[in-house]
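Below: one structure, written as structure tokens.
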Amino acid sequence: MIKIGIIGGSGYTAGELLRLLANHPQAQINFVYSTTNAGSPIASVHEDLLGELDLNFTDTVNPDVDVVFLCLGHGKSLAFLQANVFSEGTKIIDLGNDFRLTADAQFNGKAFVYGLPELNRDAIKTAQYIANPGCFATAIQLALLPLAKNSLLNNTVHINATTGSTGAGVMPSGTSHHPWRMGNMSHYKAFNHQHLGEIVQSLQQLQTGFDNEVLFIPNRGDFARGIFATLYTKLPADFDSIVKLYEDYYKAEPFVKVTTGAINMKLVLQTNNCFIGLEQHGNYLLITSVIDNLVKGASGQAIENMNLMFGLEEITGLKLKAAGF
Amino acid sequence: MIKIGIIGGSGYTAGELLRLLANHPQAQINFVYSTTNAGSPIASVHEDLLGELDLNFTDTVNPDVDVVFLCLGHGKSLAFLQANVFSEGTKIIDLGNDFRLTADAQFNGKAFVYGLPELNRDAIKTAQYIANPGCFATAIQLALLPLAKNSLLNNTVHINATTGSTGAGVMPSGTSHHPWRMGNMSHYKAFNHQHLGEIVQSLQQLQTGFDNEVLFIPNRGDFARGIFATLYTKLPADFDSIVKLYEDYYKAEPFVKVTTGAINMKLVLQTNNCFIGLEQHGNYLLITSVIDNLVKGASGQAIENMNLMFGLEEITGLKLKAAGF
Amino acid sequence: MIKIGIIGGSGYTAGELLRLLANHPQAQINFVYSTTNAGSPIASVHEDLLGELDLNFTDTVNPDVDVVFLCLGHGKSLAFLQANVFSEGTKIIDLGNDFRLTADAQFNGKAFVYGLPELNRDAIKTAQYIANPGCFATAIQLALLPLAKNSLLNNTVHINATTGSTGAGVMPSGTSHHPWRMGNMSHYKAFNHQHLGEIVQSLQQLQTGFDNEVLFIPNRGDFARGIFATLYTKLPADFDSIVKLYEDYYKAEPFVKVTTGAINMKLVLQTNNCFIGLEQHGNYLLITSVIDNLVKGASGQAIENMNLMFGLEEITGLKLKAAGF
Amino acid sequence: MIKIGIIGGSGYTAGELLRLLANHPQAQINFVYSTTNAGSPIASVHEDLLGELDLNFTDTVNPDVDVVFLCLGHGKSLAFLQANVFSEGTKIIDLGNDFRLTADAQFNGKAFVYGLPELNRDAIKTAQYIANPGCFATAIQLALLPLAKNSLLNNTVHINATTGSTGAGVMPSGTSHHPWRMGNMSHYKAFNHQHLGEIVQSLQQLQTGFDNEVLFIPNRGDFARGIFATLYTKLPADFDSIVKLYEDYYKAEPFVKVTTGAINMKLVLQTNNCFIGLEQHGNYLLITSVIDNLVKGASGQAIENMNLMFGLEEITGLKLKAAGF
């Protein structure tokens, strides 16, 4: 059994980790750290876990766990690790964005590996520290990796993606207030979203010298879960060959499905899957990519990384029933 | 033109008042009081009013307006009136619950009249102070008044009603956080909702000695606007006669429609209407009542009261396009 | 491995069965019968199963399967069984309502057992034919069984329950048309819902001579999945003792959780769980019951029954991640 | 009073016309033609109009009305006009797409004028026949007209727009089935939407020789009403000057509001307004455009055209309360 600690236990990604780990055959949750809820039962916050997880939040960190998941707000992981020392062998999976860029990825003399299995599986297997990708970044990279792998990203990349309200976290705010959000749509951080850095870094890892524009408009959608992304770029090439590149890239992947049929976002909700839809329109390739932002876009992928780091089958605990509706 | 002041200008009921008054032919908005937004344009908070209302919030009260609408949190109207003195003739319409019960309805030596036109139209016309009914209370009373008028409420009244998230106000909270509320349903204050007092008071006004149980379960619905209420009581009587009582009671009413066909909540959204549906099942009469909580349930009814108090046609400014969808 | 046939394969309950069985360790899907989609891949209809289930719909029935799930429209199961003969030992689980009432439960000289494990577990284990309960009926019975067991249902039972749009099935209709349903609420079949029969039958099974009124208003909610039910009845008794009766009744049950805290519908979505919330208000006991209509209310419970019939652990394949959001 | 006939009376755009015309001071609805509902009251289909419009659907056309609104499915208006002859002076406003392109715009020896007031106001005033713009086309053109007017569209135009489910009409279908649509997102007709023709035609009207690519991805959103469109194009120019061009273009327009602040779709719902938000990001101009697809995108704009054609003030009957929430 893997002895697990979770830091920042009352947020959405921690809740999703707990829901997933409660059914993971090798997981033993050792402690769930939350300063605000210390002493209260886990199920007082993550109420669907009533009767599933007989454990209280704690404000004490046990340094001797096998793996720690950091579910803190963005920018808080580094400070936490500086203030809390773990055992030498403890693995760390950071769901925040502190260590995703190579320039920031050093800690304690070791490098964080960017935890996108479809890009870095081998490095993940031997890593001690993992920077788990962002949710938008996951959907977008999975849509583009096969092109980068084949050096086919030679024009501007246009991205429009919409996220559910869980993407904004558990803290209520004006744009996640139900009366405002319900039946509404809006965008934010157009052309400037913080995930662009990790996206470009991964594309450059596969396609040396990639420096085309990547234009990204993120939207707030009227749903709680999911990311729906459409991407297009000029790519005058035989469509069947392009489809083949995608199929080849993902043929051994357990969670990525490629299709030339129409897809919709609900196909992947509550699962660790990413569906990739491909269409050609004149000189443009249109790629549609959908994930569940809390599963493949966060906690599911974090467990996928844990599985790889501990030598388990990658899908362990991640064969999830699709939501359907 | 009626010179109008609005107190508590940044909340939902104030916003709805402003949207309605912006198209009211006799309304002149003199000031909109908000301590938190003083100095900012109205449209910085109620953004749909961009270009419609060229006015800033203020933290100064003008005592010389013709009418003041109090859109404060429940329990704050009395304190506000004690701290801010208006001109002798200024009319006051309180959208809060401070003055709805007769026992609380005295202020400055004058009584607040309970502002449900379908019950108290004549008294409203000559009143200086109005206590505007609660949203649930409006939907529920309109469903029951014809029975009380005819002394037919002789058994327990069972009520189940669901409200949209705007009913909880503009301040974000856990139960109005979009991820939690979307696709969800829950109840609160079962059997104890604060509107029961005004409901029973009105029933007793029409049916002397009424003291049967009124059991009320309020629910939180997955929509932003609207109240959907079902009520039933044992009433072994000829159905056609009962329908006739309702039709008679409401035949001259501009905003209440009675039908024996199926109704749904969206029929009345964005309007000042109340639809009443009637069915008989064995010995039980089932009454369905739907309103828009922000219009007939709050700001629309407040304007209806203003119209009556100033001798205008009751529907002035309240011929609103139904939402449809 | 259990060899499985599914009849009526393109509907919602069949889709949910397939999603669940795809991860069930003992399930082998032998055929999925659909006259309208024969020859097409399963994933052409249940698109989230792309890559999971490499199988086509068929219009040929294999009589030699171990178990058949009937996912036909209500009233069509009997006709299907008369036209299609299965092997002598084939078990049948009917998700329709043809065989739920004792009076209708005979077929082929054998009786259908009403498949509510919390009521009939032992009989289910040895049954060949199972009538799977209705979705409303499941939520409502689980709320009432402990009272019936203790002969405490001595007054009228008042029920208000709201269902998601999947409850109306896969065929588009006016009341499941998105523009109409979104942000709306309505009721249907008030006091007359077809599930009342099976509910009363079960209550009488536990509380001999039960014949009080059961008044039930079913509503259409603005969500796709879930049932939210509130029930109350006059029950002047010590609250702690009542809670104890519920805890005792459900203490060994894997899927029913009893609490005196507030509950909401989303706690159980995508799971086979039922959450029961208890409150006392004066002489009334208020019971809140929530399930996922497609899982515990249909396909999950059907698999639970299959597990019992084949001697598997009851929770096999049913440890599902809660939706959370 | 303007004597009005409506053809195709049971659809969404006809319903919205009726809701609007019911409060229009100069409108007299003479007949509402519907073959499927002939003989039934208007309120049996458009139920919110109960008590507002005492009229039945008819299958007889009165040729002597002042104006006819055609609310038929796309492609059916021409056939209808060929089969039904109106009086010589009867004005026709077609809400379908039969006559929007100049090449198709001839009928009876007269040309249909493309009814976008912000582009063709003067021509509309004297026109007898109007082709009312498409909903997407309206939102998109209003976002681009000031640039075309100033010949600033010199690069590819990228458009991503999401529509509510009412955009698909009153007939239930798989992609408007509530269980599928709720909480979902998808795209359709990418790069090929039928509104591209009228959009490009209008741009060419203002910017001679415009022939850049216009790339458009239309999406299906999880809401009933509204269009949320984002557009960007390379435009290296001083931002303040661009904003000024927009403000100049729209300064006298009653329904278009330009802002550099953040906007969201709900600002315009239930109104005839279009909000245009402007941002500059490097060399790109980002334009956000939001309308209500049934009002400014269809029936409201049709009435705006009627007002212009009959010499009324353009806003007559179109001062609508914004939905707010």
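Here the chain labels run A, B, C and D in written order, and each chain numbers its own residues starting at 1.
Criterion: a residue touches a chain if its C-beta (ideal position, glycine included) is under 8 Å from a C-beta of that chain, and two chains touch if they have at least 3 such contacts.
In this text, all values refer to a predicted model and were calculated from it rather than measured experimentally.
Using the mean of the Cα atoms as each chain's centre, the chain most removed from subunit B is A.
Judged by contacting C-beta pairs, the busier of the interfaces A-B and A-D is A-D. If you average the CA atoms of subunit A and of subunit D, the two centres end up 40 Å from each other.
Centroid to centroid, with C-alpha atoms defining each point, subunit A and subunit B lie 46 Å apart. Under the contact definition stated at the top, the residues of subunit D that touch 2 or more other chains are 12, 164, 166, 179, 182-183, 222-225, 263-264, 266, 325.
Contacts from subunit C toward subunit B in the complex involve residues 158, 160, 162, 179-180, 182-188, 190-192, 215, 217, 219, 221-226, 228, 230, 232, 262-266, 269, 279, 281-282, 284, 286, 288, 325.
Contacts from subunit C toward subunit D in the complex involve residues 12, 164-166, 170, 172-174, 176-179, 181-183, 222-224.
Touching subunit D in their complex are the following residues of subunit B: 12, 15-16, 19-20, 22-23, 46-51, 164, 166, 182-183, 224-225, 257, 259, 261, 263-264, 266-268, 270-271, 273, 275, 294, 319-325.
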